[in-house]
Every structure is written in C-alpha cells, then in structure tokens.
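Note that chain A is present in both complexes that follow, paired respectively with chain B and with chain C.
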Partner chain A sequence: MGEMEQLRKEADNLKDQITAARKAMQDTTLQEAAASINVVGRVQLKTRKTLRGHLAKIYAMHWSTDSKLCVSASQDGKLIVWDSITTNKVNAIPLKSSWVMTCAYAPSGNLVACGGLDNMCSIYNLKGKDGNVKVMRELAAHTGYLSCCRFLSDSEIITSSGDCTCVLWDIETGTQKTIFAGHQGDCMSLAVSPDFKFFISGACDFTAKLWDIREGTCRQTFGGHENLSRINYILDLCKLYDLRADQELITYQDSSIMCGVTSLAPSLSGRLLLAGYDDFNVNIWDTLKAERVGVLAGHDNRVSCIGVSSDGMACCTGSWDSFLKIWN
Partner chain B sequence: MCSCGEEELELAANHTGPKGVINDWRRFKLDSEDQNVPQNKKELIRQMSHPRDDDRLRKMSVQEYEMIQEEDERYLKHYRKQCMQEMHQRLSFGPRFDSVHELQSGEDFLEVIEQEHRLTLVIVHIYQHGVKGCEQLNSCLDCLALEFPGVKFCRIDAVASGAAERFSPEVLPALLVYKAENFFAPDVEAFLNEYGLLPEKVLTACGEDEDEGGDLE
Partner chain C sequence: MSNNMAKIADARKTVEQLKLEVNIERMMVSKAAADLMAYCETHAKDDPLVTPVPSSENPFREKKLFCEIL
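Coming up: the complex of A and B.
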C-alpha cells in the first residue's frame, strides 16, 4: 500500500502545482479588465421569419456558411434545408431514425449530416447529379449515440459520441482517421476552431478537452466540478474559459435560473452569448460583464436549439412546437 | 403526460439537447403499446431515468442501445401527435376562440380589454368599409384566428362604433394589441411574424411604421 500512497501524494502535488501555475497567470479578473467597457444595454431581438414545415419538436439546427440557408432536424424524422430569407424549404430529407440529436452543414454547402440514437453519422449530398438528395455515407463505428457532428470539409467530419470518444472520419472511404479518446463520460458536444486545427469537446465527465486535430492529442482539459453537457455548453452553469491562460474566466449565472444550459451561440463579435436552457428559455448574456441583457421571448417560444449565422446578422431558434424562428 | 396512467416518467429538466432526445425516447418506450417492450425492459428504462449519483457519466445503458435496434416506428407518429397536443395544453392557458369577434360599440371594446383572462392576448382591428387594406387585413385575421385559438381577435367598425371620431381613415386599418394591463403600440411586423404571417403584401396596407432590425453584433 505504501506505493499507492506515494503515487497519490505525487498526483496531489502535481494538481497543486497546476493550481499555483494558473494562479500565477491570473493577473486580473475579467470583471476588473472589463470594468471600463460600456454597458451593452438591453438587447431586444425580434422574430423576423417563422419557418414552418416540421411536424414535431426541433432537436437541432445549423447554419450554412452563406448565412442564408440552414438545416434543421426534428423528431418527425426529417432534415429540412431552409432558405431563411424566403422561408422556402429547399430540401426535405427523410431519415431512417427519428431520434436525431445533431445536424451539420458543410462549409461548402454541398453536404449535410445528422446522427443520434442510431449511433451513426449519415452524410447527405445536396448537390447530386439527378437533383435528388441521397445518403452518401453512413459512418458507423461508434458504440454510443451521436451527440454532435461538424464538418471540416467535404471529405472530413468530426463526431462526438455517447461512447466517450470523438472521431475524425474520412468521408470518402467511410473510415475513422483518428479516434480522440480520453473522456471518462459521454461526449455531448464539440466545436471546431475557426482555423480548423483544433476542436473542443464537452463531456459528462465534468470536463471539456481541447484537441489537436492533426496530432490526435489532447492539449488542454478544463473543468472539474461541474457537469459539462455541451461544449461551451455547460450544464447548470455557463462558464467562459481562457484557452491561453488555461483557466476559467467567469461564470454566467443568475439565481433565478434553476436549470441547465443545453445550447450556446456567441454573437459574431463575441460580446453577446445566447444560451438556451433546459426549460426552453433563452438568455442573452453580455460576455464581458457577465450580466443578462435580454431574453428571447415570444408568445409560445420554447427553444430547443439555437444558432447564430456566420455573418452575425441573425439567430435561428428551433422550438418544441416544430417551428424555427429567425431573429435579429 | 404523454404516457398513460401509471407509466409516468418524471421529466426532470432534460427537455433539450441530446439528453432531451434520450428522455423523449424513454418516454416513448414507456408509453408504447408495442409488445416488444416487456415489463422488465420498461423497468430498466424507469431506473435509467432516475440515475444515481455515480451513474452520471454514462447516459444510456447497453440494454437500452439494444432496444433501439428492435425499434418499431409504428407508434411513433401517434406518440408525437400526443406530445404536441399535451405541450399545447400545458403551455396555452385560458379560453380558446375560433373566429374574429365583432365588437359593436365602444363599451364592448372596453369590456373585452378589461375583462379578458389576464393571459389572453387581445387584438383589435379598427376598420372602416371602403378604406384600403381593411378588407385584406380582415381576411388575414380570419385565418390567424383559426390558427391561434389562444388569442382573441376582434374587429370594430370605426364608423358604426363611433371610433371614427378618434381614428380618421388615414390611419386605418389599425391594429391594437393588448396583454394583461399593458397597452403597447402594436409592433405589427414583428408580432405578426412571430405568428408566421401569411401573405406579406397584407402588411404593406397597414399604417404602422415598421421596425428596423438591428444587427445581432
């Protein structure tokens, strides 16, 4: 038992060193640094369009990089591609499984993907020769549900799964290029860096991990005490971490909020953070001041997913009542 | 609850995100009349829905994954419809209406605004025969009244009710929207868009100023 004790002491020692190093980096708090910045004022977003067509709760949505088209996935077993300006349905794709947890639009606009309780990531080609949208690939290898997927390009996609791993796939061959293992609990979400070199995964093991896509290694781990449900999406609390300082900057919370966050969308400038909660409400936070500056409210608005377009001009929410709404 | 009588599943807080999907699936399985879901499997699902503290790392059990493979989607359509109805009932309080109510006089108007159930939205269209746009708006509201039974749509003839003294034809058609005790100027475009407005050309007939949208940034 002597050896165990020694190892335990060593581990604790290392943890203390990490905490001390992080503290040394902390020369100020976000509140102090942001003190002189003007308050953002009340943010009121209004519904500009309503997208109708799904027959059941919307589970996920994702904008195309053109900021005009977007894709949504619903319990009715369909993926619908919308033109958010005209509100027309560009494509309605029937799915094999209704229990879809995520959908994604490729940066090129050529492909969309989705997955869920079927443990697979299905890729659809929107620009097929005969005009019909068909399944292009079914990426099957995960032994757990597919919680999130994001395209790097038309040939590569990253998935996060309830089997505690994230995987980088080669879409052409349908094979796993890299497996990112390390999480101890179900991976719930992922977000890719704008330069496509890194991605962050959030999991039920209370941590978020920063991965180097090419190296296949975990560079940083955040968290520790709280359940991280969606990347940047944190159950119970919303926290902002500084990647370079490797520590938590601030927590967005309010005593009146009693439930977890399940979806997050920062504004283009990053000054605002829209957070969707488990009770279907959406709060708008000032990221620097950590104050609530607005809510997305509508008459029957119950938001199940949220996304901000790449040009920052609009936000889209999907709701339990089968509608999607475009706000700005 | 979507489920019948005894098969109640405590919803907890998982309505959205992947956990929301898992939660919905479990409720569907418990509610399912599918013979392929025997009692012992239902029991497992009930247990998984109330995880112990040390179980929080993994959200689905191996047996549940196996159950998905044996899925029969026949009952899914019925279940989805039930869920939507249940949500509508749960979240839409108060009385229901099915058509645009014609107000005869100024007293009627006040009564409607003051007496309606506090959660009901009241929309009054002030119109005048012959004024451009009023007829179009009336048709539009007829459609909306059917689609939104929780909202009380009314209309009042400006001339017949004497309202014409206050509302000259230039400002008609006019839509007034009331909720609880607050009067607020109708933000017609935004408001009607929230309800999924039909032909946009109807809007241009309204005399209201349209709100300029600000950038999200």
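Coming up: the complex of A and C.
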C-alpha cells in the first residue's frame, strides 16, 4: 500500500474516532434539555435610526466598544464612522480601493481597519494629531481577498482571506506574526473570543475551526454544511456548535425560509440570535428553542451585515440598499 | 514528482492535526446545554433586547426637547 493510501486510511480512521467520541457525549439534545423552558416572548424591535450617506451597497459594519459609534464599509469606496445616536457622520474616509468586504473598529476606539479585493488590510488612525484620518499601515501579504478582520488591540489584528489562511499581524511593524493554515477553502469570516485567546474561522471548505491565537494551532474543527460564509463566536451559520461538547447542538431553520443567511449576531445574554437574510429581512431566533420569535423588516435589499452593540442596547443592520438601521 | 511529495506532506499534516483533535476533552451535551441555559437565564434581565428598558433609559429613543424663549 502506497504511503498516500496509508495516510488517507489513517485520516479516515481518526475522523471516525472523532465522530464516535462526539456521539459518546450525546446523553441528550439541546432540544430535549430545553423542553422545560418556555419560548422567549415575541420580540418586536423598531427602527430607531436610519444612517444615510453611503452611495452604494454596504458590505460590513462593526460597533465600537462604546456602543455609540460604529463603522461601515461600502463599495462606494468609503468607510464611515457614525454616531449612531445623533446619526452624524464622525468621519468619512475615502478608500484607495472601493472593493471593500470588511471593516473593524479597534476596542480602544483609536483605529479602524478595512480590506477586500485589494488583498490588503488597511489600518486608519482616527485620532491623528492634526485631526485628519490617514492610513497608518497597509498589511499586505495575503494572496487572496480580505474577507474579514478583527483587532485584538491597537497593536494586533487578525485577518481572514480568500487565500485559505488567517493571519495575526503586528500592526506596528506591518509583519505577519502567525499564519493560521489548515482550511482547504476560502476563509470567509472570523470571530474572536471575549478573552482574546481564541478565534474561530469559517471557510468555504464547509468547516469552522477554533484556533489558539498564541500557540498558532487549530484546536477543533466543526463541519458538515454547505458553505460557511458568516460565523460568530458562539454560533455558526444557522447551526449552534458547542465548543466544550465539540459538536452541533441545534439548527435554526424554518420551512418558510428559503434563502441564505448573510450575517449573525447574538444578543447580550445569548438568548436571541439575530440573523440577516438574502430576502431583505432579519429573523430573530430563540437560541435555546430554535423558534423564530421576531422579524426585522425595513430594508429594500439584502441585509449584508449585522451587529449588536457591546452593552446589548441595540442591533445595527447594514444593507445593499445603502442604509444602516439601528433597532431596539 | 515534487507535486506528489507536496501531497504526501499535506496528508501527513492532516493526520497530525486529526490526532490533536481526537484527543481533546469533551463535555456531555447535558452539561453543555445546562450551562448555556443557565447563562441565558442569569443574563436575560440585563439583555435589553430580551427585557426591554424603559424609553427614558433607551439612548436611541427620541428625547423630548423643550424650547426656551430667551
């Protein structure tokens, strides 16, 4: 037997062992365990603000940790920092490349980042001395599009790329500190754990991987569905995976929903899952019962991005209709 | 030839990675589910989207403005 054949057999054997180990943990299902609790009451959120100003499809948004400011990226070639309460534009940053796919706000509030088909992650300093917002760094090394980026601090950022890797960058030096390789398809999204020790990446190889940031290693792999273009730390597409049980707990689906999910965000307690869909709506799910408890209708095109502020007070949706809406 | 070697190197890496993933500690679903439910329960009252706050405490609600004639 050739070595390749042997390795393939070994891999299959190990995969079977993982499947068996996961099955051994299934003394119940989340459905059964949650049978004793009631579905959360109907959630009716209203549009409180509409952020108008972009001239083309919005592809990404991210809240600042202050729960007031947020940044959005549009293929009109602009990053806009908004005061979500007054709806004022705090900054309108023109981009070198209009093909932007992602944006991020640093936890400190000092920096924002974006990237897309230019294969780079550009870092902007919002608090420059002369008041002008300038490019601080251009992180270039990915050989594919930048699909997502998230700051760990003002000195480190993680990016995911169509080149199948994720990278931890040193912003100061503009160099790659760690390359997270292992996905067999375009990495589409990433989410960092609240303690900044781990992140999860979702990719077009139908898997999501949990990475140890400092070790640079992949700890766990979850998989088995069509395409992972949007993930969140506790939720994956429209399935909920538990990291400690190392498996899927429940799927969020409804026979009346025929379209794809573009974006997800959990509410502060995790009890609600807000998911943006291709049919221009956001569906609100009871995370534990997997029942739909609300709908946000108001956009005139696909909801491309969604985020709940750190204090849980509001949800922001961004759409291909060029508007952002704040709901609660 | 080197393409084959690259494929074998990849396959070896895959096997090594799978070995790491087999050996992790796993928790029973009942415990994981119970922890999830307990977390949601504890934090529900502080979750403004689950337990709505009064309008006066909602920064996104329009505040009534009063005009002063100076």
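Assume the second predicted complex is superposed on the first by the 305 of 328 C-alpha atoms of A that agree within 3 Å, B and C clash if a C-alpha of one lies under 4 Å from a C-alpha of the other, contacts with A are read in each partner's own complex, and residues count from 1 in each chain.
The rule is simple: contacts are C-beta pairs under 8 Å (C-beta built on N, C-alpha and C of every residue); 3 or more make two chains touch, one makes a residue touch a chain.
All values derive from a computational prediction rather than experimental measurement.
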First (chain B), second (chain C), both or neither touched by A:I37: second
Which superposed partner A:W99 touches (first chain B, second chain C, both, neither): first
Partner chain(s) touched by A:L288 [first = chain B, second = chain C, both, neither]: second
Touched partner set for A:Q220, first chain B, second chain C, both or neither: second
First (chain B), second (chain C), both or neither touched by A:S263: first
Partner chain in contact with A:C315 - chain B first, chain C second, else both or neither: both
Chain A residues touched by each partner, larger count belonging to chain B or chain C: B
Partner chain(s) touched by A:Q17 [first = chain B, second = chain C, both, neither]: second
Touched partner set for A:I179, first chain B, second chain C, both or neither: neither
Chain B versus chain C as contact partner of A:Q26, first or second or both or neither: second
On chain A, the residue positions that both chain B and chain C contact, one per complex: 45, 48-49, 267-269, 271-272, 308, 312-315, 328
Contact footprint of chain B on chain A as seen in their complex: 45-50, 52, 55-57, 59, 75-77, 97-102, 116-119, 143-145, 147-148, 162, 184-186, 188-189, 204-205, 227, 229-230, 233, 259-260, 262-263, 267-269, 271-272, 276-280, 298-300, 302-305, 308, 312-315, 320-323, 325, 327-328
Chain C contact footprint on chain A (complex, rising order): 3-4, 7-8, 10-11, 14-15, 17-18, 21-22, 24-30, 33-34, 37, 40, 43, 45, 48-49, 68, 84-85, 182, 217-221, 242, 244-247, 249, 267-272, 287-288, 308, 311-315, 326, 328
Chain C residues touching chain A - in the complex, by the definition given at the top: 4, 7-8, 11-12, 14-15, 17-22, 24, 26-37, 39-40, 42-44, 46-50, 52-53, 58-61
Touch list for chain B against partner chain A, complex: 13-22, 24-25, 56-60, 65, 68, 71, 73, 76, 80, 83-84, 87-88, 91-92, 121, 151, 187, 190, 193-197, 211, 213-217
